[in-house]
């Protein structure tokens, strides 16, 4: 299972509209399962939310600066994509724990004590499925108590590369597990 | 997404033949996505292995006593099942870390330093998919260095209940994540 | 297979726009396979029809008052959803026959002699599949001869509860049938 | 959606082994979704049952003479096949009711008061899915109270043709319903 | 596997908006897997392109006159549809070679030496998948060197009928191949 | 989409039993979509045939020497696999035509005039799908008139490498086509 990623060298603010078909490819990622990483603010208004829980509760998303990852998968249904999203957050959590940060994962959120590190959502387009994850780089003005990646010992770029490399390895390992067994 | 489990009150040795269609139901678990937990030795000869890596390398599986879990899913393909198996091992790993055991997960294996705690496999039958996980309860005579669940602070029954409860919660949480979003 | 439903306590007119992603959840139904029932007029203009047969024939839909059901399924394809829609109409038909009403089902329509009781459609959104069924409560001004639920001995609320309960039971029974067999 | 069927002109006893890949084709039905109908005794021993409920309860199946239908579908999963099986039993029930027989359908069984008319099962092979339905033609020696098709006013051949024709029409009608809608 | 097609008797210009749900049915093709063929210019502006390679490279599509085919499939995923699109181009290529035209196929394009005969794309709607193929009938003003169907010895109508008939036969032959085998 | 292949350096006779789960991997091909190529006789008795047409017609398969390809795909259904098998035969046919051999493809068979070059079948296992293709290297004693690859200008090894390389490229090209489009 091929999975590739690119890091944008220039900042890009996230307002929810980037969670669309072929966004990673349009920003330079190769065609096929891929991710694009970039840095920018995060401001998703109520009417651009795809999370109905947040929308119904009137919880817009805001962070002055985040490391953003947008992943796109092809030929995966939304259930498989939620499972992959969850695994991505597990990998992020493992990286942080290895660095000594006492984080906990709850569903697709990562917390440091009661401070929230990340936001994440998975959804489907007409031709693909998509995941957005944002990790706080700055916490000023966030609507809930938050923690920044830098407090946990990582720069955005290092964390992006480590996370996407380890996710890619886990994907390959899981695909190997799927292809190595006889049936019963 | 319903998921139920039962614990067998009597021991049962695992020789690989239990990894078959409707085994959990035949042992008293309800129909539908389910797991059955039991305690017994683990001895899978080369010709009963479903893992072709192990079979081609001539690595039979042996443990004098294990906590065994057999999970069965319906209408899930093998890829989804491998993703769920991986999540089950993540949950096991999280439980052990919370208890203070310094374990690491590598793919679907859990280790304490270089000692192996578990074996696991996922495969497909004609009507379902199946996962087996075994956690060592005794380490005498195992072909590789192993660690037992008791050394990590858990009895088999407590661990089985905690693990299957937390897996069930994660399943429900992931299904909720799949059903709460608008598309893009 | 979980399936839950809610009844709206206030009237709501149906104009076709309610047949959209997460409408049942947005009106208070739980996340996951669910239905929402409500009472209101039914007026779907030609450009809001999703049935191309009706649209191409220039047949708008109108009823002064209907019991409306909107069902949403997740991870079901449109073929499965049409099969479930058909089964829902079978259950409605069975309920009416048990009450002594001499109805007949033809596809996804229910008739009393040549008077039409219901309208129904199944379609797909980007993240789910949806079914709308409307049962006439009043027949004044309908474009074809119609019959009302009250003429057949049911109040809207009683019928909604009986129908959705029996559909839920049939769903569970069918899922049990899917999960109880060995392959061949 | 093509669906074709053939009627065997010579009797054939059913012992469960006929529920196998390509049985209809091997008896002369065309390749593709198809059914084969034949008349013969029905005797399925415990170790040939594919219904785990029956097997675990020790309920073998016996009837001295039945009208048997074996349907095979390709590219349908087992859930879709259970839905189609259920619809087949609905059609059988509708035919009998139209003839004036006061039958009731409960799941995939048809009853006349407390006498059972039919047995049915759906399962999966490696390349297809299969449905067996048997309708009693003789009731001598059956393990539960039964009713025969002849008591309900049908000969085996007439019933087979009417049922398979009406099922074929319903299939086509449902496929049309799946292919006529715009998405939302 | 049913597949039907219609030929429009009046010209229709293609601007990309015809590649939409139920377009063949709306133009008179039967419901279900189907194709519609028509003659008209081809002009797809950058903002109506569904091919991101063309859009990112700023390559609009233009031909003064083309034979257009729009195929729609139901219950096929986009991968299956790309495979069918590729087979359609193989069939076109085989017809041309049989006529003595020295064409070559490269992916889903057909060339005569370095002159391009065709354009093609496959995509997904919310309820179906769609393929567009255009074969040049006139080459004046095309942005790349092109060849017309007439230079290769075919009128538009003859070619459309031969191609869609042979594609229909290949479809039936492939479906037969899928339904004739025992598993292993 | 990754696809890899290996060529066996020692001969291996094909009797049908090689068409089984993980055969390519067990002979040294990497895990995942893969092919293994080898040279050996081909003798498949009636009771090892998976082609029910051949079995019902009593047509065993025999060739004194063939180039054999066994391909295995994971997570592809049988319909997708038949489409890929067909494409593989198209690629073989294109290679032969480029070499000047006047072959024709009919379904999944390749002929030189009325002499048959190849046999092929696609089927499903419990965990994968499989394709076998055999190209005659020697024609002595074959049950129907045959032609050998050497008569068409190819050695077995050269042809295997050219064919599998070009199939791999076509696969990648088709996967690119699936992943480059916006929906409609």
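As written, the chain order gives the labels A, B, C, D, E and F, with residue 1 at the start of each chain.
The rule is short, and it goes like this: a residue touches a chain if its C-beta (ideal position, glycine included) is under 8 Å from a C-beta of that chain, and two chains touch if they have at least 3 such contacts.
Note that this is a predicted model, so its numbers are computed, not measured.
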| item | value |
| --- | --- |
| Partner chains that subunit B and subunit E have in common | A, C, D, F |
| Furthest chain, CA centroid comparison against subunit D | A |
| Taking each chain's C-alpha mean as its centre, the one farthest from subunit C | F |
| Interchain centroid distance [CA atoms averaged], subunit C/subunit E, Å | 38 |
| In subunit E, residues with contacts to at least two other chains | 21-22, 25, 52, 74-75, 78-79, 123-127, 175, 178, 180-184 |
| Topology of the chain contact graph, where touching chains are joined (line, ring, star, complete, other) | other |
| Chain pairs that touch, as defined at the top of this document | A-B, A-C, A-E, A-F, B-C, B-D, B-F, C-D, C-E, D-E, D-F, E-F |
| Contact set on subunit C toward subunit A in their complex | 22, 25-26, 74-75, 126-127 |
| Residue ranges of subunit D in contact with subunit E within the complex | 1-2, 21-22, 25, 31-32, 74-75, 125-128, 175-176, 178-184 |
| Residues of subunit F defined as touching subunit D within the complex | 52, 56, 77-79, 123-126 |
| Parts of subunit C lying in touch with subunit D, wherever the complex brings them together | 19-21, 50-53, 78-80, 82-87, 90, 94, 97, 105, 107-108, 121-126, 130, 170, 173-175, 177-178, 180-184 |
